[in-house]
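These are the structures, in structure tokens.
There are two complexes below, and they share subunit A, which is joined by subunit B in the first and by subunit C in the second.
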Partner chain A sequence: MNSATTLRSILGALALSAIGATGAWAQEKITVPTEEGVAATEVPADAIVVNIAKMKYQTPELTIKTGDTVYWINNEVMPHNVAFKKGVVDEGEFRGDMLGKDEAYAITFNEAGTFDYFCTPHPFMRAKVIVE
Partner chain B sequence: MAFPREATPKYLLLIGATLACSALALGTAFAQGTPTPQPEAPATAAEATPEAGASDVAGGNGDAASGATAPEDAATGPTAGQTEGQRGAAEAAAALAAGEADEPVILTAPKPDARRVYIQDPAHFAAVTQQYVIDGSTGRVIGMTDGGFLPQPLASTDGSFFAQVSSVWSRIARGDRTDYVEVFDPETLQPTADIELPDEAFRFLVGTYQWMNALTTDNKNVLYYQFSPAPAVGVVNLEEGKFDRLLEVPDCYHIFPASPTVFYMNCRDGSLARVDFANGETQVSNTEVFHTEEELLINHPAYSPQNGRLVWPTYTGKIFQMELTAEAATFREPIEALTEEERADNWRPGGWQQTAYHRQSDRIYLLVDQRDEWRHKAPSRFVVVIDAKTGERINKIALGRDIDSINVSQDAEPLLYALSAGTQTLHIHDAETGEELRSVKQLGRGPQVIMTHDMDS
Partner chain C sequence: AGPAEGVDPRAKWQPQDNDIQSCDYWRHCSIDGNICDCSGGSLTNCPPGTKLATASWVASCYNPTDGQSYLIAYRDCCGANQPGRCPCLNTEGELPVYRPEFANDIIWCFGAEDDAMTYHCTISPIVGKAS
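Entry: the complex of A and B
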């Protein structure tokens, strides 16, 4: 019942899976450069960005390529995050750091697939990343 | 998991125990203050009472032993009539004088009727909680059940059982979490079913809203709400004693069953969702939007599964009414619970369970008082009674004290239940006249939810 809430625990879980030796996990589905949000000013100018405002992810459906990194930037004071249900990016759930105004959070997608996500305290905020 | 309900019969056991224990038990389990005369108590019993060592019960006003008092605004003291504690002492003394032996037994509660009332005490978010089973006609506590964290109480419409959806942890408030549905026999109060919910189907932990969980109209399934990670409704099959499945629903809240497989929810977009889960499928459709974003619907609507009437006030006392059937929701013309003058004078609804609906008379009861706009959870001292059909004001009852929750019994001459979380007291009024008849004290730490069986049709 433990939740993989940080990069470390996700990597730990993956390492354990690998030791489990079925070979089912060829690579991590996602990697997170930093566990905590960073200032929006640190987001590279050419980055793929999903803005969060007015209780919505402004790009509800985003299509990217394998290996791309997506930056979420919160434009309002209402705190938001990016979370995945159990089984989407890991066996457990994944809960990204809560972002204040003008904070950003990055996730690199390493595998093709459709990744539905939501905001932890606002389950009605939903969107998806399609990795091709 | 094991049944942790042994404590309940023990309270009842004490009641039938020795004379000294009887007085003690009355203090523990029978917190009530009925000042009604009990003429059937024999005179000889009253004489024998001091010898039975219960003089503080018979000689005083009953407070010390029964833990209860008569209503402050009613006649008090021994002259006002015999308290429950005095009656018990007199009976025990008479039994002793007659040479009757004391045979301790586990009692059963009387058969449920329309005037039985359940008081759920969420205890200000404590890890364990209690529910009091009370006979509204007499104001006697007739039993108790234990619950975990913020349990959601449920009562079958026919009185055949009551139940709760609850949560416990392996180390009181931490460790492994277990969510479960527990069904109780209404007379023995023993659990007749204990059904675990799977981890991925955990329920919503929230201040207890009466309609966040519900029984289907055939009383065969429990429907409970899940908030996170996504809005969902869990179905628990009581006939088979097992968790059935989690239904994916839109961004909607509360559960109002209209048939064995159809229920409605209130959605963020301002509409109702109709959910049909027959034959292992989930079909969802939405009604028209029936209120604006500025019209804030409170967390405590009244609903009668018996006639499908949903009564939903806003922060200002505007009341939306819907008729819910298996097929569709029909919206009635909204009514105003408060007059224009009252609204100009800062009258607004407020409290916890602020709305009650009496099905037979088609009347709405709403807790109101003068208050600031953002003091909507503070208690109220008045109840307005409204004809649900015409919107006409029938009565404005001054309760005389701060009240957080109200409900009514569904019999032809209803009782108005007025519960104070602040004083942990249930005040029982005549719903027609508003007069207070009796009260029941010492109901936990913060009792908030009043539930009845609608079984008198």
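Entry: the complex of A and C
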């Protein structure tokens, strides 16, 4: 074990220990049509969209109705995803697929509530979906 | 395949495009750990029996062959002890841990199958063109 990687172990544990296990793909509160990201061109024209660019979810607070589907589209080369901490959409944590540039990820919200989410490798990227 | 004897470890990064098991291969410009190609994996694939993480740090690396820069997503292969082969540490454009997207001191095993969090090695896949 080299010293650099030992340091990685320590810092990694300190910095991101809050990020845990992947949750299941189908919960009651949300439904995920496809586990993997799809091409942004496949997103319907009238879809509810949250763009991701410049290390930010461009719509930090989105209000939708029960049953609506939200599409996240990554506009930059830096990979991003959508993740929920334990207890938000399920007992465990939910972690969406990492999206490359011009890839999209859909989540349908089946229950009313406020759903805070973040980006797994970039925990400072946060936003919420309010389902009425 | 660490720095060759007699090479100044503080000298400017000089990328090459002919040996992926060498620390100065252009895609390894911000790698920290071990090159997976040296322990049964490849430049972009994990060795058998290890788990590929989804999250990663990134860096923009200059390719001397075509003069372009590409974003490399350094994803770790996890769930097995370190191979000890081809250790490297490069920090082109690397930033402190409070900017995790460019921080390579973190164990980037998040999202690996079976919640594997033990570091084994790192791959250097291109995720797109950088500016």
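Quick note on the criterion: the second predicted complex is superposed on the first by the 105 of 132 C-alpha atoms of A that agree within 3 Å, B and C clash if a C-alpha of one lies under 4 Å from a C-alpha of the other, contacts with A are read in each partner's own complex, and residues count from 1 in each chain.
Note that in this section a contact is a pair of C-beta atoms (placed from the backbone, for glycine too) under 8 Å apart; a residue touches a chain by one contact, two chains touch by 3 or more.
Since we're looking at a predicted model, the values are computed, not measured.
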Ask   = Looking at the overlay, does A:77 come into contact with subunit B only (first), subunit C only (second), both, or neither?
value = second
Partner chain(s) touched by A:98 [first = subunit B, second = subunit C, both, neither] = second
Request  = Would you mind checking which one, subunit B or subunit C, touches more residues on subunit A?
outcome  = C
Ask   = Between subunit B (first) and subunit C (second), which does A:37 come into contact with in this model arrangement: first, second, both, or neither?
value = neither
Message = Quick check on the superposed pair: does A:120 touch subunit B, subunit C, both, or neither? Answer first, second, both or neither.
response = both
Query = Which residues of subunit A are in contact with subunit B in one complex and with subunit C in the other?
reply = 1, 120, 123-124
Query = Inside the complex, what are the residues of subunit A that reach subunit C?
reply = 1-2, 4-5, 7-9, 11-16, 19-22, 55, 77-79, 81, 95, 97-98, 100-101, 120-124
Note = The answer for subunit B against subunit A in the complex is residues 176-177, 199-200, 227-231, 251, 268
Inquiry  = Considering only the defined contacts, which subunit C positions touch subunit A in the complex?
reply    = 32-34, 54-58, 71, 73, 82, 84, 87, 89, 97, 100-101, 103-108, 110-111, 115, 119, 127-130
Note = Seen from subunit A, its contact residues with subunit B in the complex are 1, 83, 85-86, 93, 118, 120, 123-124, 126
